[in-house]
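Okay, so chain A shows up in both of these, paired with chain B first and chain C after.
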Partner chain A sequence: MSNSHLFLKPAFITTPGQNGVGRYVCQLQRVVLKFCKSHGASRGMREFIESDLINFVKNSPEVAVYLKPRRHRSPIIKAEYLNGETQWINASNFTQEEVLKWLFLVKSQASNRTGIRLRKLLHTDHPSIQGPWTPYLFRDPKLNLTTFPNEELSQADVQDETATVKLLKLFQLQKIEDLNEKRAE
Partner chain B sequence: MSFWRQSLKLANRLISHNSKSIFHATNSRNFHRWVSPTLRELSRRRKIVGPDPEKPRSTYLEWNYDVEIHCFGKRVGENFDEKVLREAFIQREWANLQEFKGKAEDESFIPPQHNYELVQEGFKLIKDHIQDIYSKTYTIDIVNAVCDYLTTDEMLAHVAKYLGVKDLIKSVEFPPSTKTLADTFKAIVGALSYSADPERVKLFVNDFVVCQMNGKDVYDIWTPDNPYDYLLKLLQEKGITNVEPRLCNQSATNTILANYQVGLYNSEDKSCLGLGWGENIQIAKNSAALDAIQRIYN
Partner chain C sequence: MSVLKRVQQWATFARVWHIYDATWQNPFASAELIKKYLMGLYKPIYHPMNDCGDHVIVINSAEIALPGDEWTKRVYFHHTGYPGGATWTLAWELHTKDPKMILYKAVYRGMKGNLQRRHTMQRLHIFPDANVPAHLLGNVSNQIKQLRPIPKRLDHMDPEVVKNSPKIFDYPKDYIVR
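And then the complex of A and B:
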């Protein structure tokens, strides 16, 4: 995450209303293309309407498309989603292809994603399928039949030799070596 | 946004009016001293009045009900009979109001059909299908609980919301209430039963209602009041009569963090029926019984 993302609203990946579990419902419900009939900034939008719009509408019959000519105002793509959100895209000086690309974008998303950063690219409501740890997990079955307090289990669990034992062993070795030296003399 | 645009418009008008009538001057480089206090006053008044109420989408200039109805059918991927689909969106109160208005003007006015019957039919179809699906695995208690959960007004309104029903509804109130949304969804299912074969209707209910159980546990929705007794009853039907609850583990007894683990065993073949935890033995036994009930069905 860079500095420019600090003030973006963090969000998780979500699907509205279990979309896609049953069948996929396109979350874009309608698009309003606002443009001017004479202004240069709307040129790409006008070209799009002349050549590509029919194909777009044929391929996406679930989206209601409205055209709204307005005199001398910049072209706008207004997208309305099923969750009630509205997204405005300023399409001034867009080329015909750019308009189509933006329309594909709004068609494929479920809400207005501007000003949002994803915290992670994955999300799950159930992070663990094993369940929580309990103190009885991996418990030694031997303990089931033990009576407490138990002398053996109460002792310190020491695996290695203690320092005292090591010292005693060294002392014994030293004594043997001393004896051998005396014999050699 | 609209508020700022309006206030700016007002400010512009004030500026232009001012410059024309008093100064006859060209554009000035500074903001007038009154602009800021005026905007502040406007925003103060707006705060007192509150935001504008939400306007129905149908009052907008760019609105075509025929297109919207067509798009709705395509959106859910069904071929509706358009006349019945239109009927499904008309609430009874709205139809009555139209009839009242129409009759006042013209005696021969034909009142619009409302969705009351479609709602009843659709609701029955939804309930029947959910019960059919769940009764294959679960007992009648669980089936009823799940069915009630899936057919609450809140759940059906939630489903309807993501089908884009809100703008199409013709009702007296706006925004439409939860009940209206739920009723409209039921009516849509009813309308589908007139337009497509019963298999298609079942698929529709499956895809939009039953799939709401995705990621949810049946046992979060349904819990018996007394799990141990309920388990004994269930096991008796299966022919297991000797259930032996055993205290398997305990820790931190006589403290506030006491914890017990109880296991339920079939004392005939020594098999474990269920395991449960709790802060005392009674709770642990009940949760073990819940676990055992879950193991029966899974």
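And then the complex of A and C:
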């Protein structure tokens, strides 16, 4: 998460009523395309209405599409969802393809997802089978009966033989050799 | 939240109390070790925004061992804020004034300077000797392993063992042991 995301509203991935499991209900209820008949900023929108709009409406019978011509105002795509949310998209200077793309986006989503950051990019209904971790997991049961501070548990792990131990071993060997020599005599 | 989930939450975020014996240990290396427990860095649930740090009791802080000639060379700076208020204290001087201070400062400086640091330090309990109040010692459920083995002093060893150990040389008769 970078600093620019700090003031975005945090959100999780959600679907209303397990949508898409078994049956799918399109969450887009209504779309209003606002445009001007003469202004240049609405040109792409007008082209879209002339050529692609009929196809879009035929392919999505569950969405009500309204057209609202108004003089010398910038083109707007206003989407209304089943959960009551509305979303405005400023379609100024959009090309015909861009308008179609935005319409597909609002048709495929369940609510306005702009201005949020996703806390997690994954969603699962069963986050853990084993259950959450606790500090008591895999804890040595011997620790329950020890009294602290415990000298034995406190001692550092020493991997190599210390010089003292090596010297003592050499000394022992020397003693044995001396004994053997004496016996040989 | 059901009763089971509530207990699960308590268990996951339970604060564990650790104890660490600082006898003959390097305080600066120990600080790195203690920091991990204080901040909860060893936990799989660790996240800088969740409060999962543990308590650490450090005993025998008077018995720490500084590496090399750091007792005489390491300097602690303090400024009172008034003109001429600067003081430079050597490590051995600071240690005689307060045997807890060197270890406290080592842990404090070992952590990143953010708003959380002072709250994390509240969970560190340092004692100059092995006398820990019973109400604190009762919480302890884990011992942190020391970093280095404690060397045995000749005058603390069993005289029988000393007698049977190899002797490399004898002191001259006029040698004065200080």
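What we mean here is this: the second predicted complex is superposed on the first by the 130 of 185 C-alpha atoms of A that agree within 3 Å, B and C clash if a C-alpha of one lies under 4 Å from a C-alpha of the other, contacts with A are read in each partner's own complex, and residues count from 1 in each chain.
Methods note: a contact is a pair of C-beta atoms (placed from the backbone, for glycine too) under 8 Å apart; a residue touches a chain by one contact, two chains touch by 3 or more.
Fair warning: this is a prediction, and the values are worked out from it, not measured in the lab.
In the superposition on chain A, A:Leu153 makes contact with chain C only, not with chain B. When both complexes are overlaid on chain A, the residue A:Ser74 reaches neither chain B nor chain C. Once the two complexes are laid over each other on the shared chain, residue contacts for A:Thr95 go to neither chain B nor chain C.
Look at A:Phe171: by the touch rule set out above, it reaches chain C but stays clear of chain B. Contacts of A:Asn112 after superposition: neither chain B nor chain C is touched.
Of the two partner chains, chain C is the only one touched by A:Trp133; chain B is not. Contact comparison for chain A: of chain B and chain C, B touches the greater number of residues. In the superposition on chain A, A:Gly17 makes contact with chain B only, not with chain C. In the superposition on chain A, the residues of chain A contacting both chain B and chain C are 134-136. Only residues 16-19, 21-23, 25-27, 29-30, 32, 61-64, 66, 68, 80, 82-84, 125-126, 134-136, 139 of chain A touch chain B when the two sit together in their complex. Interface residues of chain A facing chain C in the complex, by the touch rule stated above, are 131-136, 143-144, 146, 148-150, 153-158, 162, 167-168, 171. Listed in rising order, the residues of chain C touching chain A in the complex are 8, 11-12, 14, 16, 19-21, 43-45, 59, 130, 137, 140-150, 165-166.
Interface of chain B with chain A (complex): residues 57, 61-64, 67-68, 70-71, 74-77, 158-159, 161-164, 166-167, 206-208, 210-212, 214-215, 248-249, 251, 259, 261, 277.
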